[in-house]
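Look at the two complexes coming up: chain A is in both, with chain B in one and chain C in the other.
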Partner chain A sequence: MSVATTEAPVPATAADKEMLISGCAAIAQALRLADLDVVTAYPIRPYDTVMQAVAKLIANGELDAEYIVASSEHDQFEIVKHASAVGARVFCGSSGVGWMYAMEAIAVTPALRLPMLALVGNRALDDPGAFGCEHNDALCVRDLGWMLTWVDHAQEALDTALIAYRVAEDPRIFLPCAIGADGAFLTHSEALVKVPSKEKVDRFLPKYNRRDKQLHPDNPITVAPQVNEDWVMEIRKQNDEAMRRARGVIQEAYADFHRIFGRQGGNPFVEEYMTDDADVILFGQGTLSMPVKVGVRKLREQGHKVGFVRLKWFRPFPTPEIQDVLRRAKAVGVIDRDYSFGSPNYGAVLYNEVRSALYDLEERPRVISFICGLGGREVTLDSVTEMSEILLKTAQTGRVEQPTYWIGVRG
Partner chain B sequence: MMMTTALTVLPTQDLQPFKGVKKVRIEEYFTSGHRTCQGCESALVMKLMAKAAGPRTIILGSTGCMYVANTTYYSTSWVVPWMHTQLGASGSAAVGTAAGLKVLMRKQRIKEEPINVIAFCGDGGGADMGLSSISAALTYPEYNFLILMYDNESYANTDIQLSSMTPYGANTTFSPPGKARRILHKRWKKNVACMLAAGHPECRYVATVDASYPLEMMNRVRKALSIGGPTFIHSLDPCPKGWDYDPMQSHELGELAVETGVWPLFEVENGILKFYGKSKAIAQGRKRKPVREYLLRQGRFAHFTEEDLDYFQKKIDGMWERWLLPGIAPFRLADDIKKALAKSEAELEATS
Partner chain C sequence: MTGSVEVVYRGIFQKHLGQRITRGIVLAAWKEGKVGISFGRYGDSPERNGIPAKSFAVVADNEEELQAYLSRYEPSNNDVTVAVDDTLCKGVESWAWYGLQPINKLTRAGGTVLVTSIQTPEELLKDCHRKNAEWNLAVLKGTASFSGLWVYKEDHTDVRVLGAIAKVAPHVVKIESVEAAIRGEWGDELKVGSARKAYERVEIRTVRPEEGNPEKPYEFQLPKWWEMKEALVIPGIPVRQEVRGWDGGYRPGRNPTFKKFATRTMRPVVDFEICTKCTICWLQCPDSCFDVTPTGHYDANMEACCGCGVCEAVCPVKDCITMVNERAFEDNASQFEAYQKDEAAYKAWLREKIQDKVVTSRSHGFRYRGQYQEELAQMAAEGEGPGGS
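And then the complex of A and B:
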């Protein structure tokens, strides 16, 4: 696909409509604009408000798609998987254990090279009963060939859904993509969202064309045959290569998006906040950026050189950007809304990814794991101060006294 | 904007029954390249199913023998487009494929034409793990597809483990006869076709088939694909490896299953139940062959004593003599309901 990034920028026009909507409703608007073909719904909180919004769009004739209420998450993901194989643009989603129930279908989708888009409304894997946000659900696919992105606000949710389709359906990629959206904080919180015109979206997002991989009587192929040890390694390697290519395709897509819509400029992979001269950097993904940014600003007012970096794409993991941004700091605190019991240093998932990404640097910051905000517990300003103080002390001494902290836990 | 509550169902292919073996098309759509066992009746079912459906067909196959043995990379036996689906996903695969085709035709991204969609599954994939997905699939009246369950009565590809469709008492690797317990598997086979026909009022066609009667089998596939909406066929497939018999006897065992009454052939078409083939005569009173003629030709029942054979025979007798719908519905009516229903049946007859 040729991407004309050198064309003159297209100014944002009055055709953008502003709507006060939730993160889920913003994604539903993106689906309408993307002229979605097949969507499957099954209820679980909190992701399911997106399907309620989709159902309304379909009932009102604003979106023409096959709308299928499935009988389980496994059915839900299998149905769109097969619809995608015949050439339909598809959408699906789930939360917490619902996502796990579909895991068999989810696990095989990347090898089939099907560009499914899914929303994971992040939720604790309960038991124990909990509706609140944890990232362990979506993170379960981190090794399987899904692209994974986390969004921070409703506008970014809408924009990222369009970008995700563009990247996933690029014939150089053909991989599924999941958007992580913090349960309640993003899925249900309303914000003013600029909803672009269909005409602009059509300029950005070409039709899904499966080409010679399309399942159709005119193209009688056999999909997913038995390959065993003869070919499975080559197929896995192809997945790996597609994921490596995704990096460049994501960059192209953001550049084009910025040109057409006037938003999403800057680095596609990470957002930096007050990092220029920062001695210590807090690092995290999703909606915790709000309290952390406020906390950082307050600490700056007191003269502490604290900054924040928000990760936008977890897969492909932006190693060069992480190295480039974090190498300047003396200490980095990775805030995880997840856990990874028994992992190195008993730290959490993102922490170990970041630490690994920094390892090849000759001079690298100390890295601390902060496990925080599990099950939807708020990341408070006090927590931000506490984490920053630990980092400032680490920067001062240059020593990691304790690699992992659980923040905001009673007892 | 047009307000609509009507179902929009695409037209299906007009697949008239083959009138005699000589009228069957010569082209094959399931051909060489597979590596099923000698005497595999399920491979024959695949071949007949594809032949009955013809070239404008997409076939989805859930995990099982007919996936593992038929789609070796670079030597696929499928001439029509084929895609694997997960073990419990044949229903979902059919729905997703049909929905995708439908919307792409509506949006004029592919040519509008009736394309057959068939999803097949084994007894493990269909009657065990995938039953919920099939049940759900049969409730979507706006999509045209057939789900075919090839039932060889065990997980035959993974070393012959019992499924809920394995007959009572059979020797499988999960139910070996031993010194302390001769019979480890004491469950009675589910009646999947009846369950699905009775439980899914929008489903217009459900049938049982047996590839020992190939013409009748193919014509039922053609009917299922022509009638519109979601349909289901249950095929009983003798399996030399799992049932433990000489591969040359597959055809005879398929016949014996019907002649002994173990496998009733019936179809429910637009709400009307009909027996067909030899099962029709049995339902009308023709004597069934003793089940021992069927059971003792299979090594999986070699440990059966006279007592076990008697038990099996009594169960089959009961199925034909005491069930409300012989061989199909395993219950009877209370007397008052019976009277009321007989009256309303008579009224129905009088008015029609």
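And then the complex of A and C:
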């Protein structure tokens, strides 16, 4: 796909504006800049902050979009699915069990190749009634053909929403994309965010064009017919290929984004923090990066070679980067804000993904699963120290004494 | 260098106020080239009328310093704790945790508790629990500013508090940057003036560890995972509590670790002499607060009462139940016991409370039409509100 990004320098009027806004409001700003067409809403915390922010933009005349309050999360995702099929740029989202309630619509979207953008304001799955952050909600789509990314601060939320549209709507991809945003810590905290100008965004993000796949009277097509075993496997293979291509398209999008906005210049898939000479590496995604970085700096001051890697894209899973970054370490601790009961080693989701990605290496680090911060419990500095100490000991002995630890649980 | 401020406020009634103050702090610090975040205590939301809630602001010289405060629920070492309603000095029980948190618990040693109040620091110290370190108590003269979920009372409390913060913690924000932020956010010179006046007038006093309310706030130890019942089952509260010597009386069972009185900004006082024992208050209280005494009177239990005012509204006997501002009381003692001990003394006490216009003015809601306008005019005259001298 050709994107017009190489012309004259950005005009002076295109200066960024700085605003004190929450992570959800930052995403709403991205939607405004992306000229969103259709948005559906159904309230559930913590996602609902974004639906309030979008409603406000529309009410203030800053955004001209169709805002539909659905009768349930299921309808919410159905409506945007259809709107996307006729060529509308769409947005929707949910949290926790709301996201699960929409699962039928969510599950079929990738096969239809609809580039829907969704926000999952990460929330524990009730019951017990709980609002706090856990990643199991968004992770439910990990096998279904959704692209899945996690952000760790409000600026990244805004930037990633723009990047996600560009990748999802790329005709080589046409896959839905969900942004995972930690409930409370990201969705509800107000930070100073650079909101770029419309000119810059227009140079980065082309219009959504479904081409021959667009449902339109002038383009008579049928979408999603009934098929049997003669067809399904080939359809799945097409999805697999699209997901494989996403990797390169994501790289292109980040390179362009960096050129135009001057941000997001690093590796699109992982953020490395003090890993160069690290003996042990903590690994995780989302906002737990903040306390972990503080903890890593403290441990470094004490002379421990500890580093941190933050995963930014969970799907497509960046296997080459993971191998490249982690092969140098002696021990890796994967911090999961999720659980996977009964899975290998009774570990958690990310742990088993990382461990599997490392398996083909000749020399590979020991890997430990840390289940931490469930239900939105804070990942504290003490927890970071505790996990690092377990890793340093593992690195020293070269043996995994215990594969999985619950960190910060009372007991 | 980082600085953090917590604003403790009354849920719903002061939601906008709390947010405006913490946003204002970050915007002011931004004028000094600092970075910052503003966030509410997530567990407090969805807020309920009057239940204590918190909003925070953290500012730092750079992103790296700020990181230590990100991804957290509650900064625990605050330079300033603001109580925008002085009855919060009695302690804070959010609906998101168990136990009573002293108002100065998360204030750092040497930090400041800033209260908007018409009480003196000495009066407030009867409520504020003792702290194992020296701290400061600052009083910004003014009555608590209450509004609602959809409305905001523009009485300048937000900017006055910002001005006072600049005085008690200039390393967090300077008065000049507060003024610049107010111009930028609200573009209102009157507000700038109010901030400056508050900066000049706020009273500050050092508090020694042995000063303050000596009472030990009730606590709750959270159980370990293997101590908890499985399957999300929690045992019910017994229907009835036995009270010695209360033959013929009745006291409902109550949760010993989750009380509700920190929610209260007004409490009912009952004139037992004119009470007709009609049972209506007992039936209508949404929190089952009334204990039935052996004499058939109804005694509102102050450990349980959240101060909603329903009993006052439903009592059919004129002036039998009156809601009185919580700041007029220092304990949760039983009114009926006092009445039994000395009827004349109780009567005198009751009269004193009810006749004090200041303490019977409502914290939220109004007793009669036109009271809001009256209060605004009064605040302006006292130099608290918009247009004050």
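Before moving on, here are some points about what is shown:
Here is the rule we use: the second predicted complex is superposed on the first by the 399 of 411 C-alpha atoms of A that agree within 3 Å, B and C clash if a C-alpha of one lies under 4 Å from a C-alpha of the other, contacts with A are read in each partner's own complex, and residues count from 1 in each chain.
Operating definition for what follows: contacts are C-beta pairs under 8 Å (C-beta built on N, C-alpha and C of every residue); 3 or more make two chains touch, one makes a residue touch a chain.
The shown structure was predicted, so the numbers you read here are calculated from the model rather than taken from an experiment.
Superposition of the two structures on chain A leaves chain B and chain C fitting side by side, clash-free. When chain A is checked against chain B and against chain C, the one touching more of its residues turns out to be B. Put simply, the three-chain overlay gives an angle of 90° at chain A, taking C-alpha centres for chain B and chain C and rounding to the nearest 10. Of the two partner chains, chain B is the only one that A:104 touches; chain C does not reach it.
When the two structures are aligned on the shared chain, A:238 is found in touch with neither chain B nor chain C. Contacts of A:219 after superposition on the shared chain: chain B is touched, whereas chain C is not. Judged by the touch definition given at the top, the superposed model places A:345 against neither chain B nor chain C.
After overlaying the two complexes on the shared chain, residue contacts for A:411 are found with chain C alone; chain B is out of touch.
By the touch criterion defined above, A:230 reaches chain B but does not reach chain C.
Once you line the two complexes up on chain A, you'll see the smallest CA to CA distance from chain B to chain C is 21 Å.
On chain A, the positions that touch chain B within their shared complex are 35, 37-38, 60-61, 64-66, 68, 70-72, 74-75, 78-88, 90, 104-105, 108, 207, 215-217, 219-227, 230-231. Of all residues in chain A, only 18, 20, 45-46, 127-128, 131-132, 153, 182-185, 188-192, 287-291, 293-294, 297, 376, 378-379, 381, 409-411 touch chain C in the complex they form. Residues of chain B that touch chain A in their complex: 1-2, 55-58, 60, 67-68, 71-73, 76, 78-86, 88-89, 91-97, 99-104, 106-107, 109-110, 115, 132-133, 135-136, 140. By the touch rule above, chain C contacts chain A in their complex via residues 23, 26-27, 30, 35-40, 42-43, 45-46, 64, 67-68, 70-73, 222-226, 232.
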